[in-house]
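Two complexes follow with subunit A in common, the first pairing it with subunit B and the second with subunit C.
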Partner chain A sequence: MTLAQIVEELDLTVLTQPRDLAQIVPTCGYASDMLSRVMARGPREGGLWVTIQSHMNIVAVGAVLGLCAIIVTEGEVPDADTLARANEMGIVILSTDKPTFWVVGNLWRLGVRDV
Partner chain B sequence: MIPPLIVREAQRRGIDLIAITDHNASANVEAVIKAAADKLVVLPGMELQTHEEVHLLCLFDTVAQLAAWQAVVNTCLPAQENIPAILGEQFIVSADGDLIGYETRLLATSARISFEEAVEEVRRLGGLAIPAHVTRQVYSLFAVLGFVPPGTAVDALEISASITPDEARRRFPQLADFPLVQNSDAHCLDDLLGSTVLTLAAPTIAEMRLALQGREGRGCRIVASGSRQLLR
Partner chain C sequence: MSHEERPAVEKPSITRTEALAYELKVRDVMTRDVITVTPETVIAQLAETLQEARISGAPVMAAGKIVGIISVKDVVAALLRGDADAPVGQYMTSCLYTVCEDEVLARAVEMFSRTQVGRLPVVDREGRLVGILTKGDVTGGLLKALQAEFDAEELRRYRASHLFEDIVSDRTSLILRYRVRPRDFVNGGMASARVRLALLRLGASREIARRTAIAVYEAEMNLVIHTINGGLLRVEVQPHVIFIEALDDGPGIEDVELAMQPGYTTAPEEIRALGFGAGFGLSNIKRCVDKMWLESKPGEGTRLEMWIYLQPGAEHRILDTVFERLRR
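Let's turn to the complex of A and B:
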């Protein structure tokens, strides 16, 4: 399941600069809003992270873990600095008005599995 | 935790300076300042819960500054009422400790202001911004956001009463070179601590800022840390 298909199926908004998302296949998924947990137990290289946090630090955590993308849920929107940083680090930021539960359920349905 | 008892207990423990920092609120601050009179310095403050669920200590020189900050926070609080049966009453008391009212807004929640915006605004108003109990597993900067966001001008980091500075620095490398303070976060009289010693020319925010930075002969150190028993 590529990131492009996930964006299409879940009707996600791509907030970072355009990239060929069909070339990106998430290795696994993880959901948490506590960044300390994500850093300690989060997804491995190439993983996908679902959270309501839109804070700048999500990019740093994503970069440390080498994540391919972060889905920000419940209508939260990272600010311009956060998105600029994500572009710099090559991490795709996606957003949706839907809650995390809905997003994770659908990712599972599409075959994305946990760490 | 009524004002005259707070003052008496602080004096009994040899504490010279306290801050009143209710959760997203400040209605009880003036009562404690009045109760303390010239016996004790009482800084007007607040423990803000930011949008990310980070607790931030906001300390000021004057009640007017705190009122200006409260006005900002009020615009960020959700339009929800407290549920006393579950969350408890939110009392407002006089300097004598008499019940004079209730805070009816829901305070046990997050204000819709980001951590960085809060730090910036508190400092703009002349206050100190100190992330609270960063060593705790809940509602702390380190638990929620992992580390101090780069470029954020926090004045110090507060460690919990239950940990020593050495242990804190060992377990949390994110503390790095930030100044540390230790506060009791007292919710009852028995919890008052007084383990942070500030060397100041006067009990002001400007002096405290110098002390936290260790400048101009001012200083800040944590003594008898994590050892409440020794103070009893």
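Let's turn to the complex of A and C:
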């Protein structure tokens, strides 16, 4: 399941600059709003992270873990600086009005699994 | 991706090439020296011009304005009718599309597919002809940009990864230093992201880069969240070991043993609401590094030292470093 297909199926908004989403296949998925939990349980490199957090530090977490994308849920929108830094670090940021539970349920349905 | 997961119909999606089409401008890939003709130029003469210049079409200009475009296809049509002496004006396409030089390439690609034209005259903001764009220019430009991107990262990686081989000393090391400011949640975490990139460029394995970056991240965020004046991160990369130090001047940790326990936190509520300070920082570090040393005095500050061995057996080599420190 490529990121492009996930964006299409879940009707996500791509907030970062256009990239080759069809070439990105998330290796796994993880959901948490506690940053150091994300660090500790660590989605594998190339994984997808679902969170309600939208502040600048999510990019650092994503970059440190080498994640491919972050899905920000419940209508939270990162500010322009956060998106600029995500672009710089090569991390795709996607958003949706849907809650985390809905997003994760659908990712699972599409075949994305946990660590 | 296994083929079970591949859907029967590929959904349209954005490729890296398409992304580049949004980054490159028309002027970056267009042909600048445009050969033009006038409506009065005769077809036979045009055919010669096209052949000489090895091009397949040209804009038609009258009084400094673009009035049409003529291509090999039009020439063939004229010749088939025995019209070699007809003026270009009679066979040119006058319905004309132009593209502005500062438009993104994607706009030109969209025009090519919508209008079915083979070439687009490129104009500046004042409408003056400054170049011409064919589908070939677009493809060539994109390929060149892709290659340049690839080369740039390859070159960086090559240069960096040879650092330790090219420079000979008894003990070579590269030291990365980062100043971490207190309560700076905007830049907090970026030092670790940069350390990861630096290590990858230096040729470290992805696993080593990841473990180091996680450890540095937790140390960095501890400095951001807990210290009075921020602190200093120092990452020393040696051929066999990565040695990381996080230093601050207060407030210090009351009970180091308690602080090491997963889930124990002293972070205030507003910081925890951002998702920080869950109390897993130090235990995360312990999991990622091969060896750690935490020293703290309340009122004085904290020194956290971490070692990550790059090769089995590197433990012996770093003993030197440890002994050296003990002697101080």
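We take it that the second predicted complex is superposed on the first by the 115 of 115 C-alpha atoms of A that agree within 3 Å, B and C clash if a C-alpha of one lies under 4 Å from a C-alpha of the other, contacts with A are read in each partner's own complex, and residues count from 1 in each chain.
By our rule, a residue touches a chain if its C-beta (ideal position, glycine included) is under 8 Å from a C-beta of that chain, and two chains touch if they have at least 3 such contacts.
In this text, all values refer to a predicted model and were calculated from it rather than measured experimentally.
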When subunit B and subunit C are modelled together on subunit A, clash or fit: clash
Contacts of A:60 with subunit B and subunit C, given as first, second, both or neither: both
Subunit B versus subunit C as contact partner of A:77, first or second or both or neither: neither
A:36 touches, of subunit B and subunit C: first, second, both or neither? both
First, second, both or neither for A:115, with subunit B first and subunit C second: neither
Selected from 3-11, 39-47, 129-137 or 183-191: the stretch of subunit B that, after superposition, runs into subunit C: 129-137
Subunit A residues contacted in one complex by subunit B, in the other by subunit C: 33-36, 39, 53, 55-57, 60-61
List of subunit C residues in touch with subunit A within their complex: 1, 5, 7, 10-11, 13-19, 22, 185-190, 192-193, 196-197, 206, 209-210, 213-214, 216-218, 221, 274-281, 283-284, 287
Contact footprint of subunit A on subunit B as seen in their complex: 52-53, 114-116, 142-147, 149-150
Parts of subunit A lying in touch with subunit B, wherever the complex brings them together: 33-36, 38-39, 53, 55-57, 60-61
Subunit A residues within the subunit C interface of the complex: 1-2, 4-5, 7-8, 17-23, 25, 33-37, 39-40, 42, 45, 51, 53, 55-57, 59-61, 63-66, 81, 85, 89, 111
